[in-house]
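What follows is subunit A paired twice: with subunit B in the first complex and subunit C in the second.
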Partner chain A sequence: MTAWWKGLKTRSKLLLIAGAFLAITVFVGIAFPSAGRNNAFKPQNEFKLDPWVSIKLGPLDLSINKAVLYLALAATLTIATMLYIANRMKQAHPNRMQTAVELSYTFIRDQIAGPSLDRRMAQKWFAFIGTLFLFIWFSNLLGYIPLPTNTEETVNIFGINVPAFAIYAATANLSAPLALTLVVWFSYQIEGVRAKGFLGYLRSWIPAGTPRAMRPLLFAIEVISQFVRIISLSVRLFANILAGHLLILFMGGGLVVLLGLAAIGVVTLPLAVIFFLFEVVLIATLQAFIFATLTAIYLGESVAESH
Partner chain B sequence: MEVVRYLDLVVLALAFPIFVVAGFPLLGYAAGALAWLLQRGIQVLLLRRAAASEDVRGAVGITAASMIGRGYLVALTIFGAGLIERDAGLAAAVLVIVLFTVYFATSFITRPLQPPRRPAP
Partner chain C sequence: MALDPGILAAAAADVPKKGLQAIALGVGAGLGTIGPGIGVGFIFGKVIESVTRQPEMRDEITSIQCLSVPFAKSSGNFLVSPNLGLMVWTLIAFLITLYVLKRLAFPRIAEALDKRQRAIDESIEAADRTRREADEILDEYRERLKQARVQAEEIVVRARKAAENTERETVEHARQTREEILEQARRDAEASIQQAVGELRRDMADLTVLATEKVTRKALTDDDQRRLVEEALGELDFDALSGGSRN
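For the complex of A and B:
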């Protein structure tokens, strides 16, 4: 069987796999015909933030909800990891864990902070950028672990209504990336003003050698670009994580339940596995890396001599 | 560290008395446990085979096929249990999700501690 399979051309293998998928889908479609559209299932409820502990200060809603839980978990993990890294660095005899820890430290220093910042700035901002990377990374990764946080649907165990398992990430809600972005935005603006003075910093937005007549136009474009960074930095992270969760949700069964069509589950299930791996292995780390790297770039750019 | 690596199996054992005392469908436990143990066994076997393989494309193929195949195995077992008894299917699904949560969370801790793969000679 193995020798027969190995003897086939790639095209034949792909055709056989596609044919098998089609045959199984048709079989399941005939065995379990459409149950009709399910209007009770609301996929958007997976991202709804029900207040667990209601706290309201005037117009401010500071209620504890599942997003707060995910933020607290990510913060705890980040603090624990940073403390562990700090303690492990003192060990004289490295073990496997220390090697892993040192690798992550070196990665943040050499791949994220190092290339965009000069020595003084890198020393000053390394802890912030490292923390930012680890916090977003943990937030993203936690988002792929199913946790009992869906208070809309509950499972009764010994008379206690335990929330159903769901995947959710704090970064899949715009508020968390936006708050992080605002910290970054104000940090690099203040750093720029401190380094060059208020007017000097504004002047540095115009590239050196720009003809006088072009300066107002370029300055206006740069002002817009500075504010657009708030949107691009926060929405990039939020949209990527939300889209990943939606894809996993729909492919992992949401589409089958919503359409009441079991047959499409045959095709969507492997897609769910592929999307899940893609998100965990690539997107979670990549988005944390992009956010931290852009932070380093913005900080470096704000104090650089020329634009 | 071995206990952490197999913590999902410890949770699976601990879930049995909970199923019995709470009166959850035992068919659900049996289906969930069978699916989980089978897919874990297949995972260990195929990962060992992939690690031993010197052909990188072959190893990636084995790993990818194993993941999708194991997904089907678990889904079909839950589906089968659900066809026999709807509540049993739900119980099996909840059990498998709990086991996956434990397995996935512990794999983050144990992965950096795994010995590095020996390069092919």
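For the complex of A and C:
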């Protein structure tokens, strides 16, 4: 870089980069005409769950598909990592991985479970919250490793049709987060009823000191909010991960194919890298953290004396 | 999320930390929805705009819209319809993970962390103890050093005194010895003198007797002779002979 570039302020540099980026986009859009829109390519099929092994128990469709594979991978990886670390713990000198897992363990204990739950509740629910965090975390992170799972598009290598590499996550569909959310929801409702009795628990939904006239209204709102929690908790996780994958998919080539505009790839590919890093570094961990923290808050709230 | 009265009430009521946490989460989640919201609105706006401009391309445009907004077609879109079988699989995977972690992983990690914490505490305590002991030993050592110094001084003083005593005794003894020797010498000398004086007197008496015989041709009787000599010698002063040695 030459001297004039170094002399610029950070803001000017950023503006210049953004301007150049925009100029390239416009130039590419004008200079290279579209080769015609591609209607055959359906990006959402990346997230379609084709049954690989069909298992049907009456009305229940337990077919093995891509999501089941990712679930199994996430569970296996979580268990393997934690068992490996647990067995290594006897050694006095921890290695890096062990230090990282110990950090996440103390993070779960002191940052997620600790602030919301009292000692007894924390002891009782630590394993649940910790497993939730680790399981979701591993699922999310696994979602950014390309694996040969796209059976719709295959690559022919020496006569064998190898599935194309694709990214997917167990948490990128509604079912997995919803199942976890339902477990959380029932857990804290049952814990609340156990702590205060059924009527006492329902009564605790109304904040103390509410005027008598307002109580039915607040109770109704609280009932709605309790059920909205099922949706908010599951959709927050699933939509974040799905949106991340969609963004990477579109920027990493989906738009090029869809618009029939190969040159636009020059612009979108750097964005794809940026989105990828953003998702891996921030969103994967943040969503697992939010899910586990909300679980801890709900659990703590359900047994708390006043709401 | 922002309308959740439970969290708002919790935030307002008590426990500021917990309340703030809830607010932060709510705000974060709320902000998170802004992006997709703008995006979806933008897509719909563009679709409407495009369709009004080019009605003949309506099908194509709406097909793109369907791709972009899977949520728009909630009925039957596989992306948002929960799959019961997958939910069952999720539960199975999660429960197995939970069981294994709860049984095998977490207790060991917790135990090892506690143990390490205890070990750290203990070693800190041990280090403190060792330092205290070292301090004590150092103090004791200094005390002993001081005592040793005092003792050394005492020993030196005593030795000096002993040496002085010995010297004095030696000198005394030497003097006594010398005096005894001198005394002996004096006595010997006196005895010699006495003996010499005796012999001299005897020789002188004999000589005198002999001389008197020669002069007088007459032999004196022994008794006369001796009486005479004794008288003569008595007049002589022998003190002059022994006086020199006495003084």
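Quick note on the criterion: the second predicted complex is superposed on the first by the 268 of 307 C-alpha atoms of A that agree within 3 Å, B and C clash if a C-alpha of one lies under 4 Å from a C-alpha of the other, contacts with A are read in each partner's own complex, and residues count from 1 in each chain.
Heads up, the rule we're going with is that a residue touches a chain if its C-beta (ideal position, glycine included) is under 8 Å from a C-beta of that chain, and two chains touch if they have at least 3 such contacts.
All values derive from a computational prediction rather than experimental measurement.
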item	value
Clash or fit, subunit B versus subunit C on superposed subunit A	fit
Partner chain(s) touched by A:Val68 [first = subunit B, second = subunit C, both, neither]	second
Subunit B versus subunit C as contact partner of A:Pro207, first or second or both or neither	second
Subunit B versus subunit C as contact partner of A:Trp137, first or second or both or neither	neither
Touching partner for A:Leu269 - first (subunit B), second (subunit C), both, neither	first
Partner with the higher number of touched subunit A residues, subunit C or subunit B	C
Which superposed partner A:Leu178 touches (first subunit B, second subunit C, both, neither)	second
First, second, both or neither for A:Leu218, with subunit B first and subunit C second	second
Touching partner for A:Tyr188 - first (subunit B), second (subunit C), both, neither	neither
Subunit B and subunit C, minimum CA distance [Å, superposed model]	18
Touching both subunit C and subunit B, counted on subunit A across the two superposed complexes	none
In the complex, subunit A residues that touch subunit C	37, 39, 42-44, 47-49, 55, 60-63, 65, 67-68, 71-72, 74-75, 78-79, 82-83, 85-87, 89-90, 92, 101-102, 105-106, 115-116, 126-128, 130-132, 134-135, 170, 173-176, 178-180, 182-183, 205, 207-208, 218, 221-222, 225, 228-229, 232, 236, 239-240, 242-243, 258, 290, 293-294, 297, 300-301, 306-307
Contact set on subunit A toward subunit B in their complex	96-97, 100, 141, 144-147, 155, 157-158, 164-165, 265, 269-270, 272-274, 277
Residues on subunit C engaged by subunit A in the complex (per definition of touch)	1, 3-7, 9-10, 13-14, 17-18, 21-22, 25, 28-29, 32, 36, 60, 63-64, 67, 70, 78-91, 93-94, 96-98, 100-102, 104-106, 108-113, 116
Complex interface listing, subunit B residues touching subunit A	18, 21-22, 67-68, 71-72, 75, 94, 97-98, 100-101, 104-105, 108, 112-113, 115
